[in-house]
Every structure is written in structure tokens, then in C-alpha cells.
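Two complexes come next, and they have one chain in common, chain A, joined by chain B in the first and chain C in the second.
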Partner chain A sequence: MKENVVIIGGGIAGMEAARQLLLLGYTPIIVEKKDHLGGHVARWHKLFPDMAPAGDLVRRLSEAISEANIFLETRITSINRLSNGYVVMLSNGVSIPCRAVLGASGFRLFDASKKEEYGYGVYNHVITNSDLEAWFNGAEDPRIVADPKAVGFVHCVGSRDLKAGNSQCSKVCCMTAVKQAIELKERFPDARIYCFYMDLRLFGKKYEDFYINAQQEYGIQFIRGRVSEVGETAEERLQVKAEDTLSGKPLKVQLDLLVLMSGMVCNPEVAEFARTIRLDVDSDGFLKSLDNVGGINRSNQPGFFYAGACTGTKTVPETLAEARAAALDIHRYLLGK
Partner chain B sequence: MIYEGKQKIWKDYQKEIPDDHWYFVRSCIRQNFFPASERMFTEITRNVLGKDVYETPYHTTCGGIAYHCDTLPQETAMTIVARQFALMTEAGYENYAASCITSFGNYAEVLETWHEFPELEARIREQLWKATRREFKKPKYLAHTSDLIYHWRNQIAEKAKFRLVDKDTGEPLRIAEHIGCHYAKMFPSKGVGGAEYPYVLTGMVESWGGQIIDYPERRHCCGYGFRQYHVKANRGYCVSNTHKKFESMEPYGIQAIVTNCPGCPYFMDRWQYFIAEQTGKTYGKDGFGIPVLTYEELAGLVLGYDPWDLGLQLHQVAVEPLLDRIGIPYDPKAKYLGVNKEDLLRPSLPQTLKCF
Partner chain C sequence: MMDFGFKLSKSATIDLDRAGTERYEKLCALSPDARTCMACGSCSATCTAASFSGMSVRKVILGLQRGQDVRPLLSACMLCGKCTLVCPRGINTRRLILNLSKSYD
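Let's turn to the complex of A and B:
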């Protein structure tokens, strides 16, 4: 009989790890609280830098793990430590004994309504990056007008923001904003598009090319300065105030749509089960890796491993690479090596 | 505008406001600007609502105005505040209500600073003792007086003789609220409704039948900003801010503005005259301005007090169109009679802004 490995979370980290564990001869058991696999990526439209459809990635992974045991709409009710492993109790009454558990519970998108000055949930045409991806994917969204004349993107919403309780950079938002700005410009060629940023952190392969292209080919305007407040005009347009710190002047623009680049924050539910089995939690609320260089997949508890954004903000390629590494780590652990 | 979104935020910013027994301190400037407002506060709270609101003539400025003008060190302002708290303690009260927004912000800032730096509080206690031989307890509850009127808004509504409704159309009056900067922008959790979408005045207006109108520059400073107005060379900047607000609210057909700050109603009222004379532009209907009222004046109006007993004749902008719209009776001949019926004399009328 093949050995069970419980994977907490059915996002791309859990799916990729399951794929690798199947190849290595194990029985991965994915526990996912939602009714579908793919996590945040399932809601995404295209992935940078190749603009590949996000749905293709989720589909490929789904096909590859058809032999895995998958519990959707299922929660972990408890995890108990045994002398040589764990017993994972599920909300459907199933209990799974195993020697290894993979935490792949991902992140939460920052609740943009907490940045009250931006008016998410108060003004009609303020949306988040996630809302925009869903719209790109075909979802109806009455907040997006038919022919916007001007659109703004606010970077770092809830990221690098001590007031919001999050000091971490979410890594992907800068590039996501550039990508989404280009996609919007392609749909609305006459629209003026502004990106309000405090720093641009475009570190990945081809990211800089995207940024240059966004300016040269698409005419997207990058304004270094934070948005201070958003209001609504009598015509239900948005009035946005910001500071252009490069020119040293305050500015005010009227927009038809404002997209808030909500950052990645820790999943608060994780802290609950982390306490029960004494997993270390980092100062940013994410699960704490054994070390952040050579042991990022490992926890402080034997047999408990991590992959993806449960330990911090990650890009999609980083998440997939970590999932593969975690599967190999688990394999080595179960072999006793 | 998604009203439910605002309601969600309002729920997050509700503060505990005891129902009775308040130690009340006045503003340095309100009695000069709008002389009946603080008088109406004590009248309404004591005689209409039957609350215990105590004040002593021995209290002084809180020092906030000088502190925010950069002419007073914070430690000196703290010692003044400590003396105010000592007077409250001696009077046997623990709930402290400030009539001035800047005082409220100043008290909140001092209490928060003492919380973060207890050694500083100890030093201030020592300084107060050496200077005055007084000791104090910190207030259990700190409120701005608009918090209290907000707290009792529904009781006022029950006793109201008028509602903030157009008597001819039955439509709620279109009212803009303006919150003093020092109310919640420094400490959002200390203000009812928070800093971005404060509810303190909105709650009153809604309870009394009116409708609050949002506009893009709602959050913008009235223009007073101490170092703007008090430095004479900066007064152009002061009025330009007020102008910006009126330009922004122009498309909305605002019929009245309600405020909770000493300076805001003064500048938003008086600058309308200045703007009209400079630019020829007025923002009310038929050449009038938009009346700017304090929340006590508004409460007094709905409770049926005589508009001239509320001091509305001392506003620059004529309030008569608003009174007519609501249906509040008034005697035009009594407008410039004082409380003892002494003739207060008549002011010169502006050339552009229509007044009576």
C-alpha cells in the first residue's frame, strides 16, 4: 500500500507537490476548504511574463493529479502529533494517519476596505487586482464602466504598510499592475492609465522589459507617489489625490476606475492549527521556515513541511519550484535519509 | 456611493459615550465666533435632556491653539492640560467633554503620549504639583461635545418641533457635513465613524430628517489651519482652501453645512463673503450663500428655539432662506436685537453676497 502524505491546501503549491509525490510513488491527499482547486491562480486570467492563461496551468496540474485523493470543501478540524507522524482529522469525519504533512495553505489577499481612504466598498468604481482578473476572465462587474477614459492603479495596498500591520513586500503586485495596465490598455486604447507607486520592484525575468514596454508602447504613466484620498464626483467619477514625489507637486485626477493592488498577507486560519502542533509562526504572521536559505520547505516540527506562500509572499514560479523541492524533501524524510 | 460600505466602516468606529455626568470645558474662540452655540449646549443638555453637565469658570485654554501654532512647547501644553484634569478631579467628575475640536485632539494626544511615555506623565504631574499644588486623575472617558449631541440625537429628535425637511416638497434637506481636522484625523478610533467617513454629524442630520451629501473635497481642511490664517501672509492660502471646497460642493445643491469645529464654521461662513466680493460668485440659491451652522445651532433650530436667540444673526451668510425652507418662524425686525432687546445696530451689507 502506498504511503499517505496529507497536503493542506489545493492551490498550485499543493497541486504541484501532489503531482511530484504521485511520481515518487506516494498517495497525496489534498484537503481544500473551497469547492475547487487552483487557489488564487484559478481566479487569475494571464500569468506574466509570457501572458500564458492561468487556467491552463491549473488545468494541467488538475489532470496530473487525477489519481490523488482530493477532499474539496473540507477543513482540517485537528492535527495530532504521534510518536512517528500525525493524525489529521477532517471536517467530513475522515481521519488520516500519516508520517508527513505538507502545509500549502497559501496566503490571503489583503482586505482593501481596510485602507479606508481608497474607498473600496464605498465608491462605485474602486476594485482590486483580483476583481480585475475575474473580470478579464469574463465575470460581470458593474463597477467597470463600458468605455473608461482614465484608469488608475494603486500599488502596495496593504503591503509595506506598517499602519496596516504588514511590513512585507508582496513581490508580485508591481509586475501584476504593469501586466494589468497593459491588458486594460489593449481593451481600452483611448484610456489614460496611471500607476501610482512608491517603488517599482521588478526583479524577475523579463519584468523590466514589461515595464519599459508599458511606457514606450502603451503610454502608461508611472507616478511615484502614494494616493492620499479618493472621493466621488457628482458624475460618479473618482477624484484621486496623490503626490508626485519626483516633481514635488500634489496632483488631482479624475478617473473612471481605480484598481487597488491588494497585497499578500498571512492566512489567519493557519495560526490556529500552527498553535496546536507548535509550529513556529514568523513575525509577519506567515509560517516560519526552519531557515530562510537552505530549509525553506522545513518547519520546526519533524515530518511537517511547507510549500508556497504559507511561509511568505511568492511568485508563481517560486511556488511551483518550492512545491517540487518540498516533495523531494518529504521523499527523503520518509526514506529516513 | 455605496451607503452600506459606509455603514460597515461606521460600525467599526463606535466609541463608548456615557449617558450622564460630564465635566464640560469651553473653547477659547467659539463664544466670539458663534456666541450662542456653547450656551445652547448647556441649555439642551441640562434643561431639555436633564443631564448633569458641570463647568467651572476656573478652567483656561488647553494650550492647543498655541501648540499647533508652534508657539508653545508640548510639555507646557501638557501641564495646562494636567491642570484642567485636576479641576475635573476636584469637581468629582471622570467624564471630560471638550467643546473645541483642537482641544479634543490635544487632550487625546496628551493622553496617548502619556500612555506611551509614562515617565513624561510623571514629570508633568510633578511640574503641576510644584506650580499649583494640584493633583489629577486622567478622565475615564474623553469626548467632544458633538459626540454627546450625537449620543443624544434621537432624544433630541423625539423632542424636535421641526425636521430638516423642505416644507414645500417634503424632501430631506441636502446638507454637507464638515468635521474639524483634529477630531479624528489624528486618532481615527477616537471619533464616531473614524477619520475618512465620520458619522458624528451625519448621525445627527439623519436623525433629524436631513440628508448628508458627499462631495469630492469633503475631507479637505476648511482653510483655517492655524499657521495659515494666523500668519497674515498666508491668508490667501487659507481662503483658497475654502474656495476649493465650495467649488467642489457647487454641483450638489447643498442647502446647509453643519460643522463641529470652532474655526471651520467661521471661515466657511465669512469667506463666502470674501469670495463673493472677489469673484462675484455665490454658492447658495438666488445670490445667497450656503448657511454654515454649528451642530448646537442646528439642534436648537430643530428643537424650536428662536433663531435670533441662537445667534444666527451673527452669521455672515443669511440664514433666512434656510429657515423659510424648513418653515421655522422668525421675526425679521428682531434680528438685530440682543437678548435684552437692545439694538445691536445693523452691519453694512455686502455688494455681491445677498444678505438681510
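Let's turn to the complex of A and C:
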């Protein structure tokens, strides 16, 4: 009989790991709490830097893991240690003994309504990066007016913010903002578009090209200052205040749409099962890798592995690479090497 | 003699080799969180005194790091504490201003 490997979370990390584990001759069992696979990526429209449809990636991965056991709308009720592995109990009554478990439970998007000064859920034209992706994918959104004259993007919403409880940089949202600014400009060529940033972190392959393009071809304006507050005018336009730190002056501008770049924060659910089997949790609330250089895939417990955004903010290619590495690491572990 | 309009003016260059940062160091001893400013400008954007006077905690901290006299900025501060509410690095900017003002007494 083929050996079971339990995978917690059916995002792209869990899916890619399942694909590799199938190839290595195991039976991956994906436990996913939602009613579909793909995690956050299933909600995104086009992925930087190649602008390939996110749906294609999820579809390809789904096809590749048709032979895996997949439990949708299922939660982990408990995990217990055995001398030689774990027993994972599921909300559907199934319990699975196994020698290796992969944590692939991903991240959570920062709840933008917690930053009250930005008016998400209060003013009519404030949305998040995630809302905008859904709109690109065809969802209706009455907050997005038909003919916006001016649009703003607020970087670092809930990231790099000790008051919001997150000191970490979410790392993908600078690039997401530049990408989304370009996509909005393509749809609304007459709109003025501003990005309010503190630092532009465009570290990845081709990211800087997007920045240059955003300036050169699309005329996106980059303003170095964190938005301090948002108000609404009598005409229901948004009034945004920041310091233009490069000219050293307070700045205000009226906008028809404000997009908040909500950050990637830890998934608080993992704290529960982490506690019962004594997995270390890092200072940022993410699951703690054994080390952050050579041991990102490993936890402090034997037989428990990680892939993707459950240990910190990750891009899609990083997540996929980690998932492949984790599958191999699990293989090595199960061979007793 | 032709007047070419030239005159000797003070160099506008910030000379870090000569910039005295003693006051900044003294301030950091009392308000160590001053060192964590990331120059985001939230304090200045929200400051009621800023648009009239140019007051800005960001400029105060930067000015001290560059060895400048920041007293002209400080005089407009009403110690209302709005800047403290918005600082993403959690710097107690109001206390910072108080500590700094005392150091000039």
C-alpha cells in the first residue's frame, strides 16, 4: 500500500506538494477548509511578473492531482503525536495515521477595516487589493465608479505597522500595487493614478521593469508618503492626506477610488494545532521554520514540514519551489535518510 | 567693476563629517524610539500645525540626524499628540518633542 501524507491546506503550496508526492509514489491527502482548491491564488486575476491568468495555474495543478485524496470543506479537529508519527482527526469523522504531515495553511489577508483612518467599510469608494482582483475577474463592485478621474493606491496597509501588530513587510504588495495601477490605467486611460508608498520594494525578477513601465508608459505618479487619513467630501469623493516627504510638504488630493494594499498576515487558526503538537510559532505569528536559510521547509518537530505562506510572506514562484522542496524533504525523511 | 551678481554664500551641502549629532544622541538616550523613524511622514500629514508652520516630527528627527538646529520647527508644536496616534513605528512623538524641548532649555 502507498503511504499517506497529510497536507493541511489546498492552496497552491499544498497542491504542488501533492503533485510531487504523487510522482514520488505516495498518497497525498489534502485537507482544505474551503469548498475549492487554490487558496488565495484562486481569487487573483493575473499573476506578476508574466501576467499569466491565475486561474490557469490553479487548473493545471488541479488536473495534476486528480489522484490525490482531497477533502474539501473539512477542518482538522485535532492532531496527536504517536511514537512514529501523527494521527490527524478531521471534522468529517475520518482519522488518518501517517508518518509525515505538511503544513500548507497559508496566510490571511489583513482586515483593512481595522485601520479605521482609511475608511474601509465606511466610505463608499474604498476597496482592497483583493476586492480589485475579484473585480478584474468579473465580480460586480458598486464602489468602483464607471469613470474615475483619480485613483489612489495605499501601500503597507496593516504591514510594517507596529500598531496593527505586524512589523513585517508583506513583500508582494508593492509589486501588486504597480501591477494593479497599470491594469486600472488600461481600463481608465483618463484617470490620474497615484501610489502612496514609504519604500518601493520591487525586488523580484522583472519587477523593476513594471516600475519603469508604470512611470514611462502609464504615467503613474509615485508619492513618497504614508497616507495618514481619509475623509469624504460632500460630493462623496475621497479626500486623502499624506505628507509628500520628498518636497517636505503636507499634501491632499481628491479621489474617486482608493485601493488599500492589505498585507499578508499570519493565519491565526494554525496556533491551535501548533500548540497541541508543540510547533514553534514565530514572533510575527507565522509558523516558525527550523531555520530561515537551509531549513525553511522544516519545523521543530520530526515529521512535520512546511511549504508556502504559512511560514511568512511568499510569492507564487517561491511557494511552488518550497512545495517541491518539501515533497523531496518528506521523501528523504520517510526513507529514513 | 562689473557686478556679476556673485556673492559668497554658505554651502548647502550637508557635511556629515562636521554635522554635530550630539543633540540627536542625547535625545535618543531619553527617547530611544526616535531611532526607529522610517520617515513615512504620517506625523507631518496629520499635524494641525504643519500646514501653517512647517512643523514635522519627521523633519525634526532628520534635522537632528544631520546636525541642524530644529528649534524653529518646534516652536509651532501644540503638543496635541495627534502625531503619536498615527506613527506606524509606535514612536511616542509627543514625549520626543517634550524631551527635545527640555534639552534646549
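Going forward, the second predicted complex is superposed on the first by the 337 of 337 C-alpha atoms of A that agree within 3 Å, B and C clash if a C-alpha of one lies under 4 Å from a C-alpha of the other, contacts with A are read in each partner's own complex, and residues count from 1 in each chain.
Assume a contact is a pair of C-beta atoms (placed from the backbone, for glycine too) under 8 Å apart; a residue touches a chain by one contact, two chains touch by 3 or more.
These numbers were taken from a predicted model, which means no experiment stands behind them.
Annotation for the three-chain superposition on chain A: chain B and chain C fit side by side.
By the touch criterion defined above, A:E117 reaches both chain B and chain C. In the superposition on chain A, contact is made by A:E229 with both chain B and chain C. With both structures placed on the common chain, the touch criterion links A:L251 to chain C but leaves chain B unconnected.
In the superposition on chain A, contact of A:I144 is made with neither chain B nor chain C. When both complexes are overlaid on chain A, the residue A:D161 reaches chain C alone and has no touch with chain B. The larger set of touched chain A residues comes from C, when the choice is between chain B and chain C.
When the shared chain is aligned, chain B comes close enough to touch A:Q239, but chain C does not. Taking every C-alpha atom of chain B against every C-alpha atom of chain C, the smallest gap after superposition is 5 Å.
Contacts of chain A with chain B, set against its contacts with chain C after fitting on chain A, overlap at residues 117, 229. On the chain B side of its complex with chain A, the touching residues are 1-2, 5-6, 8-9, 194-197, 214-219, 251-252. Residue ranges on chain A touching chain C, taken from their complex, read 117, 156, 160-164, 198-199, 224-229, 241-245, 248, 250-251. Interface residues of chain C, counted against chain A in their complex, comprise 38-47, 50-51, 54, 56, 58-59, 86-90. Contact residues on chain A toward chain B in their complex (touch as defined above): 113, 116-117, 119, 121-124, 229, 231-234, 236, 239.
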